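Input: structures, listed below.
Okay, so subunit A shows up in both of these, paired with subunit B first and subunit C after.
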Partner chain A sequence: MAKILIVDDAEFLRMRISKMLIGDGYEVIEAENGALAVEAYKTQKPDVVLMDITMPEMDGLTALKEIRAIDPKARVVMLTALGQESVVLEAIKSGARDFVVKPFERERVLSAITKLLA
Partner chain B sequence: MELVFDLDQDEMPIFLAETDEQLQVLDEGLIRLEQESEDIDLVQALFRAAHTLKGTSGMIGHKRMVTLTHALENALDGVRKREVEISTAFVDLCLEAVDALRLLREEVVQRRASSVNVEALAERFSSLSTFQEDKEQIAVSMPKVQEQAAPAESGCSIHVEVFIAQDSIASAARAMQVLMTLQGFGEIVRMEPSQEEIETAKPVQRFEAQIKTQASIEEIRKEIGAISEIEKVVVEALDGGEKTASVPSEAPTTIQPPAEAVRNLEWELGRTTQPQAKTAAEKTVRTSVERLDKLMNLVGELITDRNRLYQVRGSFEARFRGDAQVDNLSETVAHIGRITDQLQKEVMSIRMLPVSNVFHKFPRMVRDLSNKFGKKLELVIEGEETELDRSVIEELQDPLIHLVRNSIDHGVETPEVRLQNGKPETARILMSAQHEQGRILLTVEDDGRGIDVERVKAAAVQKGLITEAEAASMGTSEAINLIFMSGFSTAKVVSDISGRGVGLDIVRNNIQRLNGNISVETWPGRGTRFQITLPLTLAIVPTLLVKVEPCIFAVPLVTVLETLRITQKDIRSVNNFPVIVLREKVLPLLYLSKAFGLPNQDASAYQHIVVVASGSTQMGLVVDTLLGQEEVVVKSLGPLVGEVYGISSAAILGDGQVILILDVQDLSRHVGAHYGR
Partner chain C sequence: MSNVKFMNPFVEAASEVLKAEVQAEVRRGTLSLQKASLTTDDVTVLISLVGEVQGVVLYGFSVETCLAIVSRITEQEFKEFDNLAQSGIAELGNVITGRATIKLSESGYRSNISPPTLIHGRGIQISTLDFSRIVVPLVTEFGDIVVHLALRESPPGAGDHNFVPISIP
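Take a look at the complex of A and B:
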């Protein structure tokens, strides 16, 4: 089963998405900031990364760029909120494959993942 | 009406813990912001906290909480842009919002609406300035994705028209996705809007382009259609390539992103200006307090057994000295002993929390009180990283709150009085914590007027706590300690800061219940210092074991000052009460045999005295023999036994013997009553 890396500094969000994905049969790994996400990407090679933007230590955009540098084929979906239009745009230019706006519905997240895995 | 949130019972603790964490960040940070308004990292951290709260409350469908956190987030954005000035009023409003958020958090627990008027608060935020919602949309234009390349190579011209969902929050990003996908197919010869326009991040509802490509119409439609939030895609072949001539030639210059735009980007990313060093993964697991308590109890049992093993080993060694099997046993017992020690240390360290968990509440409290009472205060906190067992931390909050309130109410003068007395207008309150020889020292100190000994005496006499004669003969330190007596309060008016019928006596009781001690020092006109001494944990107490035939008692080591051996003739009498003179001070004696109704102690040549302190009262416990120090695992006496005079709890010794742990505080009250202070 596909392996998904969830990156968000908010534990509640990670838990919520984990539950959602595990319920659909995905394998889930979590990271609480960008730096840890880059580490996790190297060691665990997830199929899809769900990446928050505003995080301490290393933000999502930087982490996206680092992950894409490691693996140009990396499939990263940004998790974003209102008021982050410029960052999302920048993320897309930097190779993010999709973005989902918080608070998101289950279907939105799942469909973003299925699309990328297709 | 019951409120409904999208949240399971098992998700609740995480939601609450995280919310509390962020609210605390806001609470503390906002107060710091008042002083350090130039600290952009701080503003950034506050923004992140509001942002996280917004995200989390959105996930559970708490709309009112989203509205308020959004308003707060915007306000902090305004601070960053210098559109909102950091004033006391601004910080007040933010703090009010934080308080309201606490109530909204409570709604999630209670499932009942609180009285918070979110709209009114949000309204006040939006009236702060005009920054609301019209975030500048400055182009963050990085090097262009593609330059308009010159001559078209082979392939047919295809026209693509894409409609992006109206409700997309970042339709420009979708347009960018379309653009990049098209670039993957071939060369873009014309497009509307232009890449520069897209990069301003302004909404894009319709995107149109003409490309030269080998790909089929079907392929293109499929790829573009797979992009999220694309409502409609029209792909059609164009005849000929004549339109290429009419391509508006855009200057292929690379636009440098304006500095402000980069700052905006950094801001949205939640970046701090200084890169933080710490990136190493600290892998953590959350666990419940109950589990930790269970673990601690088990370790406690293990320690009792270890002590027991030591004794058994001792008797085996005595009987079968030199036996190889016994040597084996001894070695194993020693090893188990060491492992048990390590286990205890590890488990205790898991239970440790930094004192900051209590201290962090104080900046807010001090700020509120100083505003309310027109006193100027500066709170200095030191050693907040000092760690204590969580059970102790939890019990510490109320006593500390009381002491700080007490300092503000009684200790600190008004700015006018301070200036008259040649002191700085702003008073300083110091809270500190430090480790010292397996104990924790906590200090609450102010530079206020100090305690007026004569007023204390007069108040005590007036309240019938002491007689006038007693007051006259009373030494200074003894008199100051009257403030710890129950029924004592020098405040003329019961203010709502410290006077709530709760006095320093309750504070002292609470501290002593934790096997701790509190003392006070004061310097007239210069200030007062309360010092609390606490053990690191409550579950295991280092004690001094003493024998009073036929019983063994454990005296908590935290109360023991020294042990003495005296002869019968050293004992004097004051008011028919036995005392000794120790370093020119009178020390009342308490015969434990008398206190507990045991057979009379032999008036042998020597007497052993354990000098103990409770609060600032000292006394000597007369015992038969000193047995030595031992760490005992505290067992409560249980509801069947209930409260027993002079005894706090029990413990089991290595040989299985049950012993009683003395309640020194209780005993000292007894002495105080008889000896007449």
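Take a look at the complex of A and C:
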């Protein structure tokens, strides 16, 4: 059973993605900011991380870099409401493996995870 | 680009997001230009823009409209406008504004947005002081969403400062 870490400060969005992934048989853990995501990554070793970009405490790009420093093979998919090239480009340069623009389609999120787990 | 021309990206973005999230068609109501303070409906989501377009965008909803929207998105009935429902409506404003900034960027106006602020309470006065707002009601099957745009092209050298003042007495 693959374990997915969902990182987003919006409780509603975490709930939506959790519901979707649990329905598809994934184990889900959640974090509401980048700092908590880094801690969760260390202790729970998720298979894939879905990471929002704009968050309080620690933003998604910083958390991505910290997670990749802990585990250079970390599989992180960025979730962004902005969808702007510069943000996405920086995330990819920093080691993000994919990105999904909100509002996301269920199939797009699931295919991003499936591809990384293959 | 004049203030009015910044409106279409927001109307298009709202239509696209609502269609994707709740399968709703959106019809634009009658536009108006307002300078007086806005009096809030039950729920207002406020988001700032900085960059080559600066200002604030406010989305006004009734509680009934909010509950109908989050219930449709989650396919579970929300009876109270609790933290989870508030998070959903704030996120909706966030996604609409994010998508609008992509459209603005495609027209040559790059900008970034703030995290959303949600104001829960009818009858609160919010003023953009002497800066006029374009007010666009979006009519949906869930009720109206009233979009207030106080935006303009940034003056040279403005950087990431938001020049449109907000006052909540």
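In this section, the second predicted complex is superposed on the first by the 116 of 118 C-alpha atoms of A that agree within 3 Å, B and C clash if a C-alpha of one lies under 4 Å from a C-alpha of the other, contacts with A are read in each partner's own complex, and residues count from 1 in each chain.
Note that contacts are C-beta pairs under 8 Å (C-beta built on N, C-alpha and C of every residue); 3 or more make two chains touch, one makes a residue touch a chain.
Values in this document were obtained by computation on a predicted structure and should not be read as measured data.
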Fit-or-clash call for subunit B and subunit C when the two complexes are aligned on subunit A: clash
Most subunit A residues touched (candidates subunit B, subunit C): B
Partner chain in contact with A:T54 - subunit B first, subunit C second, else both or neither: both
Partner chain(s) touched by A:R16 [first = subunit B, second = subunit C, both, neither]: both
First, second, both or neither for A:L89, with subunit B first and subunit C second: first
Which of subunit B and subunit C A:D98 touches, first, second, both or neither: first
Which superposed partner A:K115 touches (first subunit B, second subunit C, both, neither): first
Contacts of A:D71 with subunit B and subunit C, given as first, second, both or neither: neither
Residues of subunit A that lie at the interface with subunit B and also at the interface with subunit C: 9-13, 15-16, 54, 56, 80-84, 102-103
Touching residues (chain side subunit A, partner subunit B) in the complex: 9-13, 15-16, 33, 35-36, 39, 53-62, 80-93, 98-103, 108, 111-112, 115, 118
Residue ranges of subunit A touching subunit C (in the complex, touch as defined): 9-13, 15-16, 19, 54, 56, 80-84, 102-103, 105
Subunit C to subunit A touching residues, read off their complex: 17, 20-21, 70, 73-74, 83-85, 87-88, 90-91, 94-95, 97-99, 101-102, 105, 110, 112-113, 115
Subunit A-facing residues of subunit B, complex: 11, 14-15, 17-18, 45, 48, 51-52, 54-56, 58-59, 61, 66, 70, 73, 77, 135, 137, 140, 142, 145, 169-170, 172-173, 176-177, 180, 198-199, 201, 226-228, 261, 264-265, 268-272, 276, 278-279, 281
